[in-house]
Amino acid sequence: MVGKNIFSSAVLVSLVLIAAAPFDISAADAPSKSVILSTTTSTQDSGLLDVLVPLFEKKSGYSVKTISVGTGQALELAARGEADVALVHAPVLEKKYVADGKLVNRRLVMYNDFIVVGPPADPAKVKSTKSSAEALKRIAAGGAGFVSRGDNSGTHNLEKSLWKTAAIEPKGAWYIESGQGMGATLGIADERGGYTITDRATYLAFQKRLALVILLEGDKPLLNIYSVMEVNPANGQRINTVGGKAFADFMVGPDAQGAIEKFGAEKYGRALFTPAAGKREEEIGG
Amino acid sequence: MAETILELKNIVVRHGETIALRVPSLGVAQGEVLAVIGPNGAGKSTLLRVMGLLERPAEGEVYFRGRAVADADTLALRRRMASVFQEPLLLAATVYDNATLGLRLRGFDRRAIERRVAPWLERLGITHLVKRPARSLSGGEAQRTSLARALALDPELLLLDEPFSALDPPTRDGLILDLEKILRDTGITTVFVTHDRDEAGMLGERIAVLIGGGLLQVGAAAEVFAQPVDESVAGFVGVETRLPGVVESVGEGLAQIALDGRAIEVVGDFQIGERVIVCLRPEDVTLGSPHGDGVKSSARNRLAARVAKINPWGFHYRVALDCGGARLVALVTRPSFVDLGLREGEEVMASFKATAVHVIRRK
Amino acid sequence: MELLWEGIKHALAALLAGDREVIDITLLSLRISGAATLISLLLGVPLGIAIAQSRFPGRNLVASLVNTGMGLPPVVVGLFVSILLWRNGPLGFLELLYTPAAMISAQVIIAFPIVAGLTMSAFQTLDPKLGLQLLGIGASKPQLLWLLCKEAKLPLLAAVMAGFGGVISEVGASMMVGGNIRGQTRVLTTATVLETGKGNFEIAIALGLILLALTFAVNLLLTYIQQREQIRWPRPS
């Protein structure tokens, strides 16, 4: 009785309030001036984008909305036209999307590598191996625990391809899937004294807190290659193809590549990524 | 001729599918106290809400001082009336804050409020409670606060919905007396709802009987109690003996009515063959020994009956009698009861005056 | 434990040094959740009162919906809202995804049933005839609403605190519809997740502590208002 009229006027007022969203940072950017970049959590976590994105924004006048999610989601969002450009590191998956025509103009941007880490005691004797396939065989045979990402991320996909190469199907009590990010996965491996495959950047970031040590690095299959891809305008509405292209061009351009080359050198003693624009996949790590 | 403060015309109120209230016409004159009585669920509260402009009827018009009430006027007119309900319904605040609420809502300033409310606090005997939180009051004190709240507004119409029902008897009696005096002294036009006949009789000048949503009878208290207009009103106002009969003969302002084999005499103008209901209040039925013990009375009607049930009734006894299939109810004082030595199953003589009989014509 | 200390030191340092980013994130959290709570109040309180005090057709259905809504998982709300706001979604034309407005909307959906539900029970503790009596003493409808709110001040403020608490601390919906974009939609909760994921535990703890302090301060204020003037008198038997 009493409440209803007041209720309807309140609804009206609220809609106005939401629409007005009285801060300057609402949907203030005109749509064509904003670029949605879908990328992965590990790319974001490395901190590289905190350097590159402002650089791009200043140079181009675009405003970038970086959405960092799991690899699968990043690619799906781009395929649905919910992003304008994608930056991921899962070549096998990427090639599928390109083959389907959902993502176009795939260009290499940079790479870093994965490493096999494990307990200092190294019960599976991974340290003495030279290839990742060999290392995995020993881990599986030795019954020492292995912690997988289990989340269809770039890291997980790489791990899966390594098992495939080693012709082993990882199953059993020794093989755990964390379903979480790299940091958490490292933590679990550390707790249980097990092995895992991680990107170098994350390992370096968490190193102080872990007992895990690097047991294998440099093997070619362990390379982690980052590519940028633009979104097919046919994927959906309101795609900012021009903006997406501008960002992709920027990523392979000299400014970005130069920044990538230097990134992390001060903090970690060596750069976290190696620029790879213009190279072909087969050439890398060679 | 006193002005009619409030008038209801052709009012129909529906609650869902049922008609909760139907009042073709009812007026409240300036200065009168109108008591509305009826059983629970009769629609009394609905009537009061319609009068107080708190509920809009499905049909009909409400007139305030002769002018039809339009939607735009409701708030202004509501503020010229005041309602008090069965529960005090006070806010969680002090007695003073509660009593002055109505005045504050109308925007009076602090001093005007003080001036208006103080005399009422005095009159209702709660001045010493002003700083107390409402929660700590007894039932009677709380209801007095509610009354003060309403009276401080100097309303043109005071609406009371069973204000004493929730109180214990001594508190109730005290408050009724106080209110009776207040209404007499101030002459505030009041409509007062109750299911208690005695309260109605005590406070009301006119009585309206509401049964099943219908306004069945309106009149002076004496008239309504002694001469109910039909059976349901009769039942409600305490006319417990209601016997169907047929007029047998008439003459000299009297009539003989045949009741299932017996004949009784009543006063009034009737036609032979009219079907009627003979009504008697229990107080008007006297009981005596069945064999005529020499006590002469002016009661011309004597019926032999057997005592069916005896119930203590306050300081009386209520005696239900079986009179050859018909039921009679008598109210006997204690001393008489003792004297007569009544017991269930005994034969007695029930007598009553012709003038005590109220006859309802059967429709 | 030492991590906790580091966190506290970091938090104080950031705030005292006026770390722009931390302050912006904090203010944004407050503004978004504050706005969402305010809107939830505007919508939820009248609805709660209407359900508690009047009888209208479908009342029980609405009441059940409100009660169900109180338990909505925020992350599910976030998912549904983002699907609606996607460019190719039904509300894509609003271009609200990844903006504070979207976060406010999602938070309103989370907080509004909480406020409505608690208001509803708050007002059900009031005598249903109280509204009628107040009208009968000459209250206008706005005055009536104000008086009833004052009467139900205790549980009503609890509703506000529950609503605010529910949204200032939620991360799932904020992450999905906001995108945790630096300088635009990054709030305390999403920033905490980010920093934890990066391994910057001191920063994460610092942000968490700031969030706790913020929530505590707001609740302190509301509790003060709620508990003011509560005199306890012995009731007569």
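A few remarks follow.
Note that the chains are named A, B and C in the order they appear, and that numbering of residues resets to 1 at the start of each chain.
In the analysis below, a residue touches a chain if its C-beta (ideal position, glycine included) is under 8 Å from a C-beta of that chain, and two chains touch if they have at least 3 such contacts.
Bear in mind that the values here come from a model prediction, so they are computed numbers and not experimental data.
Once subunit C is left out, the chains joined by touching break up into A | B.
Comparing the centres of all chains, each the average of its CA atoms, the largest separation from subunit C belongs to B. Closest chain to the protein centre (all Cα atoms averaged), using per-chain Cα means: C. If you compare A-C with B-C, the chain pair joined by more contacting C-beta pairs is A-C.
Once the centre of each chain is set as its mean CA position, subunit A and subunit B turn out to be 84 Å apart. In this assembly, the C-alpha centroid of subunit A lies 33 Å from the C-alpha centroid of subunit C. Subunit B and subunit C have Cα centroids lying 54 Å from one another.
Per the touch definition, subunit C reaches subunit B in the complex via residues 127, 129-130, 132-140, 143, 147, 150-151, 231, 233-236.
By the touch rule above, subunit A contacts subunit C in their complex via residues 1-7, 10-11, 13-14, 17-19, 21, 23, 25-27, 31, 36, 41, 44-45, 47, 50, 65-68, 80-82, 181, 183, 202, 205-206, 209, 236-239.
If you check the complex, the residues on subunit B that touch subunit C are 49, 52, 54, 75, 78-79, 81-85, 87, 89, 91-92, 101-102, 105-106, 132-133, 135-138, 149-150, 153, 159.
Taken in their complex, subunit C has these residues touching subunit A: 28, 31, 35, 38-39, 42-43, 46-51, 53-54, 56, 86-88, 92, 94-101, 104-105, 108, 131, 141, 144-145, 179-185, 194, 196-200.
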